[in-house]
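In the two complexes that follow, subunit A is the common piece, with subunit B as its partner first and subunit C second.
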Partner chain A sequence: MVNLTIDDKQVTAPRTATIYEAAKINGIKIPILCHDKKLKPFGACRMCLVEVEQMKGRQIPACTTPVTEGMIIRTTTPDIVKARKMVLELLLLNHPLDCPVCDKSGDCDLQNLTYEYKVNSNRFKDEKFNHTIDYNNPLIERDMNRCVLCGKCARICDEIVSYGALTFIDRGIETKIGCEFDDGLNCEFCGSCISVCPVGSLLARPFKHKARFWAMTKHTSVCSYCGTGCNLTLGVKDNKVLTTIYDEEQGFHKGQLCVRGRFGYQFINSTKRLTKPLIKKNGRLIESTWDEALELVAGRLKGGTEVAALATPRLTNEELALFKKLLLENIGTKNFDHAAGFAHAALTDGLEKSFGTPASSASILDIQKSDFLLVIKTDAYETHPVVGFEINMAVKNKGSKLNIISDKRGKLSKLPETNTFVHVPGSEVAVLNALAKIILDEKLVSAAAASVPGYAELEKALVPFSAEAVSVQSGIAAADIKKLAYEYAAAEKALIIFPIGQGYAGHAADLASAVANLAILTGKYDKEGCGVLCLSEKNNSQGAVDVGFYAQDGALGGLQILDACSTGTVKTLFIAGENPLTSYPDRSRVKAALEAVEFLVVSEMFLTETAAMADVVLPVCSFAEKDGTFTSTDRHVQYFKAAIRKSVQIKSDHEVFSALITLLGGTAPTSPSATFSEIASKTPGYSGLSHVSLRKDGAYAPVVITPSLVVTQVAPYKTVEQGKLAMVTGSALYHNGTLSQHGEGPMHVCPEGYIELSRADATAQKITDSDMINVSSSTGSMQLKVKVSPRMPAGVVFVPYHFSESPINTIWSGSPVTLVALAK
Partner chain B sequence: MSDAVAQQTEELEPVIDLSIADTVIDKYIDIPGNLMPVLQGVQDEYGYIPRVVADHIAERLNVYPSQIYGVLTFYSQFHLKPRGKFIIRVCVGTACHVQGATRIVDTFFDKLHIGHAETSPDLRYTFEKVACLGACGMAPLAMVNDSTYGAMTVQKVEEIVADYNQRPLK
Partner chain C sequence: MNPITPIINGMKITLKHMFMKPVTLQYPTERPQVAERFRGLHGLKVSHSKAKCVACYLCPTVCPAKCITVEAAEDSNHDKYASVYEIDMLRCIFCGYCVEACPVDALKMTGEFELANYKREDFIYSKERLLEK
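Showing the complex of A and B:
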């Protein structure tokens, strides 16, 4: 700590602080325009000028100058105020004063500073700029006439997002922010640039002229897409969610969001939302009343084990727990599951066996504390973009070493000093086993590892996985595998990250255990910056596992429930929010099951293709219309309140389940917070938590680990036949599950399914970008649009699964790698 | 850019041989801070930096394409459009100006039918006005590629143009 004097006040600040930071810590405000605490100091705008006595009273920028012992600083002398006023005058010289029509008005740093410094006239005269406004994309409007060249957008796009869409182009008075060859913006549309823009140069087009900033009420919430658990601030007016608002103090991610979080909110107020319960009469869904619908459903739920349920892990913890209670206690069935059964197996089976608890041992906060990151599949960026930002920052700012084992390259591969080991699809578990074998053979294990149960069995089981043998199968050089194993073992803090989800059938129990084995063998599983981080797909996937909403004790799992529907053992199926017809593997199997089951109840926000097959459809509300808790992938339990009132005819799932419990003669809890008290009393790690205690920042539920080494099963190597390609499935950056289809933002930039193909395969088959081609597998065939991409290795194609219009489960039956043939 | 040049650029771009750029990139690939020498080397080879080459460099060097464009537009030494075989530069600095550089410039405009920083459609000439060529004693001064022509007159402009019109383009 150093001692210094700011405005005649004796203060202390960390040695590494800048003058701006030192002042901020001590409650002294220095105006800024180009500075952002998330970004490296830049010193472009000269608003933060201060006087330092030791520097002969010269005016120096506070945001780039580090503090030194004994510094005497003045932040508001008449000279400083005069200088700042002139900075503003010069900025306003070219900045158009179109505040009445600018969406930034009210939230604009330049406007606020002009007001604060009372700049009501300008001594200078110049012409305004006449740049063309970039309307080339549907989400981000770029008006360079308003730009003050603070460079925050270009810097955030480089330093945090690592996309680098924007840069300073030209020189001197001609300088502006632009893209390559001055084209329109074409990026991943996370909107980070919008969030940091201090003026109205970068604006969200979906929010254009929707409301004045000050007319909206701001409600904090938790994002309902992926499992990262990002916090949102929703801008609400007239009971409608109009936008998301940036708050740099919010969450671990400091307000950073991805395209889904920032632009995917429109499903909340979509006109396509269901507004009344529907009952199938004479083959058609007819609008009905809640009383009639619930009576009908309750009557059919009295079937005991003939009843089964599938729920989406987008529901709150309270709703999932209450649904489980309804099923177990009031109906009497254990047959319920979520996420097709296999998409949570990495947690409920893999990590449950390896760690003794179905949870990741590391948190997202560990990423930036780690010095060695091993990512399984570059898709971790696409599935969890904000986790991707954390990885970017760890590599770029903290110098963490990033290694990737993946079946394709990706954005993460482009980070500095990053090694991407591209393997033959489906061989990742074998590669992980080879790493474990080297660690065992070369005595790189930690002292405690030998006493972990399963050590001897694992050693024996790993015999076939020599680096050389696995090299042949995986296509990764044996020397690379050995080097990776040594580096992982040698790293002081090493973290392994892998995504799971309905598109990642290969990322199941065996992969999770193989990963956990590495961490346990080297003793890197429960220390800070170490461990295993399993990125669960949906916003409350971890919560669904924590409250136990999955098949246990020999009950039927997700896919078995569907088979039981087909065979007639399950007669009533309750689907809460899932859309198996699009997201579960093997469409014909799902369709047959839903057609065969006697009575199908679906509670949904939209009339999905699954809901359209139902006998009763119950309209339920979105996350923005209810209270509850979500548990993020690293067991961060977060409470959120309703941002808007739900329409009268819509109920929350909690209310639906409560009503059904009452109709079945049970006692329903009075409110979600009562249900949460019950969860807290029963769930390990949740004890002591309540809605009240979670209100501010939520809480991390502790993970207690009892390590075991687990022998994993490796799928036999599948040779790719001549003329066929290995198809891998997964998530697209712009989407999450099937919900994002109802968000206008994601649909603007990624409206339809596609097949990603290597340049080599495209040339060989004479296919070009945007061609429609026929993709056929052993289970079916479909038309998909081609995306030729440099990241795909030859012989491998990638297909995202989110789209109802192009459901890939017509050609995909749940296998990690599917062989497909392409035809024009 | 005149329409003719734009059309020519479009015609030229598809046949650009990236292997020439690769030879330059390979030379510098392991050196930190290699963007400038690569761009300079590539410009020496192609005469300018075509967009496909800029994108190719971005991919090979793992630099954002936008960043490359930022560098290309910052330095006046880089050119994004094809340039003429003969680059005529006429000094309009103080000494040359008082000796009548304006008339020299205007005569070149008349003879070549191109303006400042423009390239003739046949890619024979690029004309540039420059601030000072550092040989004020020879004012008014013009240069064609590396040849210097001092004490320029309107007559000499005609001679120079007649001379270079004769020279082969290939």
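Showing the complex of A and C:
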């Protein structure tokens, strides 16, 4: 700490603080325009000028100058006010000042400062800027006439997003922020640049002219797409969510969002939302009343084990817990599951065995504290972009070493000094086992490892996984595998990250255990900056596991439930929010099951293709219309409140399950918070939590680990066959599950399914970008649009699974690698 | 005093006034001379055959009676305009703040004061009705 005097006040500040930070800590406000606490100091605008006595009263920028012992600083002398006024006059000189039509008005730093410093006239005269406005993309409008050249957009896009779409171009008075070749913007559309722009140069087009900043009420919430658990501020007017608002104080991510969180909110007020219960009569779904629908459903639920359920992990913890209670206690069936069963196996089977608890040992906050990051699949960026930002920052700012084991390259591969080891699809578990074997053979294990149960068995089971053997199988050089093992073992803090989800069938129990083995062998699992971070796919995937909404004790799992529908052992199927027809493997199997089951109930926001097959469809509300908690991938339990009122004919899933419990003669909890107290009393790590205690920042549910070393099964996949390519599935950056199809932003940039293939394969098959080609596998064939990309290795193609219009489960039956043939 | 006297005195005054020139304005046969600064019905000014209003929402923001509804939209040239502009004359208190707030001088108050109508809906003046003719 250093002592200094700011405006005659004796204060202290950390040694590393700048004058601006020191003042801020002590409640003294210095105006800024180009500074952002997330970014490196820049010093472009000179709004933050202060006088320092030791510097002979010279005016220096507070945002870039570090404090020193005994500094005497003045922040508002008449000279400084004059200087700041001049800065504003010069900025306003070429500024269009079209606040009446500028969406930033009301939230604009330039406008606020102009008002605060009473800049009513301008001593200077010059022409206004006349830059062409960039309307080239559907999400971000760039009006460089309003730009104050603070550089924040270019800096955030480089420092945090690591995309580098924007930069200063030209010199002197001509300087502006531009894109490649001064062309239109075409990037990953995370919107980070919009959020930090202090003026109206960068604006969200989906929100264009929708409302004034001051006319909206702001509601904090939690993003309902992926498991990162980003916090959101929703801008609401007339009971409609109109936009997401940036709040740099929110969450670990300081208000940063990805394209889905920022631009994908339109499903909330979509006109396609279901508004009334539907009942199938004479083969058609007819609008009905809640009483009739619930009565009918309750009657069909009295079937004990003939009833089964699938729920989406997008529901709140309270809803999943209540659904489970309904199924177990009031209906009497254990047959319920989520995420097709396999997509949560990494947690419920893999980490459960290895760590004794179905949860990751590390949190997202550990990423920036780690020296060595090992990512399995570059897709971790696409599935969890804001976790990707943390990885970017760890590598670029903190100097963490990043290594990636993946079946294709990706955005993370472009980070500085990053090694991407591209392996043959499906061989990741073998590679991880080879790493474990080297660590064992070379005595790189931690002292405690030998006493962990399963050590001897693992040592024996790893015999076939010599670096050389695995090198042949995976295509990664033996020397690289060895080097990686040494580096991992040598790193002080090492963290392994891998995504799971319905597109990642290979990332199941064995992969999770193979990863956990490495962490346990080297003792890097329960320390800061170390461990295993399994990125769960949906906003509440971890919560669904925590409340136990999955098949246990020999009950039927996701896919078995479908088979039981086909064979007739399950007669009533209740699907809450899942869309298996598009997102579960093997479409014909799913379709057969849904057709065969006697009675199908679907509770949904939209009439999905699954809901269209139902006997009863119950319209339920979105996250913005209900209260509850979500548990993010690192067990951050977060409470959120409804931002808008739901329409009268819609119920929350919690209300639906409560009503059904009552109809079946049970007693239902009165509110989600009552259900939550029940969860808190039963769930490990949740004890003591309540809606009230979670209200502010939520809480991390502690993870207690009992390590075991687990022998993993390595299934060999056939990846080469004459004339065929190895297809891997997964997530696209712009989408998450099938819900993002109802977000305008994601659909603007990525409206349809596609197949991504290497240049070599494209040339060989004489295919070019945007061609429609026929892709066929042993289970079916379909048309997909081609995306030729340099990141794909020859012989491997990638398809994302989110789209109802191009359901890839027609050609994919759940194998991590599928052989496909392409034809024009 | 005789109780009849005050009545007679009163009648006298009444009779006298019957033959005097009336002091009030004989509306509707006579029309008032409305002062230039009178605050009557609003008018949306037109320039280049378009409403000048750019839908900045300042008038609905400042309006103390909260009777102005504006909805903005983007036209084919990416310019902002008011796709909806409505004033509920039943709630308007004719304070003129809206006119004062308008940054582009798009709004005025006219001398039009005959705002009576039969149906409540008819008191809601749409953009079409407010545009100066």
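For this structure, a couple of remarks:
Just so we're on the same page, the second predicted complex is superposed on the first by the 822 of 824 C-alpha atoms of A that agree within 3 Å, B and C clash if a C-alpha of one lies under 4 Å from a C-alpha of the other, contacts with A are read in each partner's own complex, and residues count from 1 in each chain.
Here is the rule we go by: a residue touches a chain if its C-beta (ideal position, glycine included) is under 8 Å from a C-beta of that chain, and two chains touch if they have at least 3 such contacts.
Note that this is a predicted model, so its numbers are computed, not measured.
Once the two complexes are overlaid on the shared chain, A:V101 sits against subunit C while remaining clear of subunit B.
Contacts of A:K208 after superposition on the shared chain: subunit C is touched, whereas subunit B is not. Of the two partner chains, subunit C is the only one touched by A:Y135; subunit B is not. Residue contacts after overlaying the shared chain place A:E180 against subunit B, while subunit C stays out of touching range.
Counting the residues of subunit A touched by each of subunit B and subunit C gives the higher count for B. By the touch criterion defined above, A:G164 lies against subunit B but remains apart from subunit C after alignment on the C-alpha atoms of chain A. Those residues of subunit A that touch subunit C in the shared complex are 99-101, 105, 133, 135, 208-210, 212, 214-215.
Interface residues of subunit A, counted against subunit B in their complex, comprise 154, 158, 163-171, 178-182, 414, 416, 790. Remark: subunit B residues 51, 54-55, 58-59, 62, 64-70, 73-74, 80 touch subunit A in the complex.
The touching residues of subunit C, counted against subunit A in their complex, run 54-58, 61, 72-74, 78-80, 103-104.
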